[in-house]
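Below are two complexes that have chain A in common, paired first with chain B and then with chain C.
Our next item is the complex of A and B:
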């Protein structure tokens, strides 16, 4: 089913949120290249970071004709207020492995559900794309779950570090669930159909099950619908710094071909 | 990658470079099957803390960059080789089914060749040499108990759909060639346009 003209601005918001989350998370996690806790995980985590960036690229390419903007312009040519990523992907993890894994764990479980919803979209090209990304998301979830269990069941130090990371990051998970402008209309129209239960409930059940298995816990906060955050262009100071650095080369000559 | 890495204090190496290796990681050998019903081919080695981590990393390192239908990983301690390099640390007792892998010539990759029943790894190697033509002529033979080979699950996604071949030598070369072609084509077009304009004005 083609997308109705009046729904296009909301769809752009929704897909920018997905792409921006992935671009920022991939960018942050790529900082671990060469610094992973063991050689094999160093390679694996770098690959996962590249996956996130590749997924973002695919989503920007999909959006390009709808938004009438080149995919590079979408990725690097916007002001901070025009990005739709959630606050949780913005801060640097300060090279704390437990923090990096915990953030990846929260975001991967969220993405698996997000792409499950999009895979049921009545807009077939979007559903097909979401199915492909969703299948790879499972690999990410398996990887993150495995590490959460390892940290939780590991040494006292590993468990303490994992719990500290969970305590710090759990309150930020609400930012993943902040709706973009026009999201109810996309849901109603079947472009972004609802799941069998509210997404946040499914997500909490999934992550809680893994954390319980790992001997860890997290205190989540509810989404405050009155508070505007990343999904509506309000970002942290860390984000502006991240963006300035990430877009440094692009801004020298926008539109340059590589 | 961000500039924050430049300020990272990596400290001093805690151990001298000639120290004995430490840690609880175990080497695993990985085989990938590129087509259903095809043989599993040697892909490489990795180190992991246990079987679960080994399969996770095997999928990341060896599965995701090329389309494949199955992955096996085998703990080095479960491998016996005809050149005596590897021996099974805790051999299974009684008659056991072993999977046989053969290396035709020195430097070739190992291929899955057959299954054989034997009472020990040494017997499996001997029987393989006698009964299987590929093993008889092979430069080297490996055997591993079938029930100790870790396999990926059917239907699991173990390769990427996004093109990340730029990370491999062949992908990088292709990408660079394409960029050069694009550059040369653009230059030729500019020259043509210049000539064309000369004629007009």
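Our next item is the complex of A and C:
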């Protein structure tokens, strides 16, 4: 089904949120290249970075004709207020392994559900793409789950540090679930159809089951309201710093061909 | 007019930039369409349209594959324009890799999941991230005493396994 003209602005918001989450997370993952605690995880985080950034790039390409903007301009040519990523993908993990794994764990489970929803879209090109991304997310989820278990069942220090990361990051997960403008219309129209149960309930059940198995827990208290608003373009200081670093080359000569 | 077989024969000479087999053996080619190019009276020349299925979303080799395909085919006297489309439907899968492709990958120490096999069922590992899955035979010694060492590998489509019998690492294609 072609996308109705009046729904296009909301669809752009929705897919920018997905792509921006992945672009930022991928960039944060790439910080670990060369610094992973073991060789396998150096490869894993570099590979995760490649996956996330490739997914973001493909989503920007998909949006390009709808938004009438070049994909590079979408990725790097916007002002901070025009990004739609959730606050949880913004802060640096300060090379705390438990924090990196915990954020990945929360975001991977969210993305698997988000792309399961998009895979049921009545807009076939979007559903086809989402099915493929969703299948790749499964590998990410398995990786994150096995690490939560490893940390939770590991040494006292590993468990304490994992629990500390969970305590810090759990409230921020609320920012993943903030809706973009026009999301109810996309849901009603079948472009972003609802799942069998509210997404947040499915997500909590999934992550709680893994955490229980790992001997860990998360308290999903609501986040400080000043940290909300990523989906509407309100971002943290860490985000502006990351954006400046990421766009440094692009801004020297926007539109340059390589 | 070029024949479909002669176009495929040309495509078979193009190796995937990240795998030691051709893009045909890797199962990337979904459709080859030969369209008569008659607008300027050159009845013997044709336009060619090719649908390619990416292995992974946004695979970094895609632009290179498109360029290699266009360069190879436009060098022919009987081909005018070449159009390459990337599609996600049907989805690419390891089951599309041909028998000769599987053989050649094995020679390079890369194994491919069996036809129609399911996603590996990952146990909950206790103190390690090593995930034991349904046995993947070692490409070097055929032993099934192997385990998944890392679900990520040198490219996005490969994982790293370790063989406890001959103590070699090998790569296994991801089924997604």
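By definition in this document, the second predicted complex is superposed on the first by the 251 of 258 C-alpha atoms of A that agree within 3 Å, B and C clash if a C-alpha of one lies under 4 Å from a C-alpha of the other, contacts with A are read in each partner's own complex, and residues count from 1 in each chain.
Basically, contacts are C-beta pairs under 8 Å (C-beta built on N, C-alpha and C of every residue); 3 or more make two chains touch, one makes a residue touch a chain.
On a predicted model such as this, the values are computed, not experimentally measured, just so you know.
Colleague: Should chain B and chain C be called a clash or a fit once both complexes are overlaid on chain A?
Modeller: Pair status: clash.
Colleague: One more residue to check, A:55. First (chain B), second (chain C), both or neither?
Modeller: A:55 contacts both chain B and chain C.
Colleague: Would you sort A:128 into first (chain B), second (chain C), both or neither based on which partner it touches?
Modeller: After superposing on A, A:128 lies in contact with chain C but is clear of chain B.
Colleague: Report for A:81: first if it touches chain B alone, second if chain C alone, otherwise both or neither.
Modeller: Touch partners of A:81: none, neither chain B nor chain C.
Colleague: When the two structures are overlaid on chain A, which partner does A:244 contact: first (chain B), second (chain C), both, or neither?
Modeller: Neither: A:244 stays clear of chain B and chain C.
Colleague: Which partner does A:44 contact after superposing on A: first (chain B), second (chain C), both, neither?
Modeller: A:44 sits against chain B and chain C alike.
Colleague: After superposition on the shared chain, which partner residues are touched by A:31: those of chain B (first), chain C (second), both, or neither?
Modeller: After superposition on chain A, A:31 lies in contact with chain B alone.
Colleague: Looking at the overlay, what does A:153 touch: chain B (first), chain C (second), both, or neither?
Modeller: In the superposition, A:153 contacts chain C only.
Colleague: Applying the touch criterion given at the start, work out whether A:201 contacts chain B, chain C, both or neither, answering first, second, both or neither.
Modeller: neither
Colleague: What is the contact status of A:224 with respect to chain B (first) and chain C (second): first, second, both, or neither?
Modeller: Touch status of A:224: no partner.
Colleague: Which of 58-66, 130-138 or 184-192 in chain B clashes with chain C after superposition?
Modeller: Answer for the clashing stretch of chain B: 58-66.
Colleague: Enumerate the residues of chain A that count as touching chain B in its complex and touching chain C in the other.
Modeller: In chain A, positions 40, 43-44, 47-48, 50-51, 54-55, 57-58, 132-133, 135-136, 138-139, 142-143, 146, 150 sit in both the chain B and chain C interfaces.
Colleague: Which residues of chain A touch chain C in the complex?
Modeller: Against chain C, the touching part of chain A is residues 40, 43-44, 46-48, 50-51, 53-55, 57-58, 124, 128-129, 131-133, 135-136, 138-139, 142-143, 146-147, 149-150, 153-154, 213.
Colleague: Residue numbers of chain B touching chain A in their complex, please.
Modeller: 1-5, 8, 25, 46-49, 52-53, 56-57, 59-61, 64, 157-158, 160-164, 167, 179, 182
Colleague: Note which residues of chain C are touching chain A in the complex, please.
Modeller: 54, 56-60, 87-89, 91, 119, 122, 124-129, 131, 149-154, 156, 160, 174, 176
Colleague: Looking at the complex, which residues from chain A come into contact with chain B?
Modeller: 27-28, 30-31, 33, 35, 38-41, 43-44, 47-48, 50-51, 54-55, 57-58, 92, 95, 132-133, 135-136, 138-139, 142-143, 146, 150, 242, 245-246, 257-258
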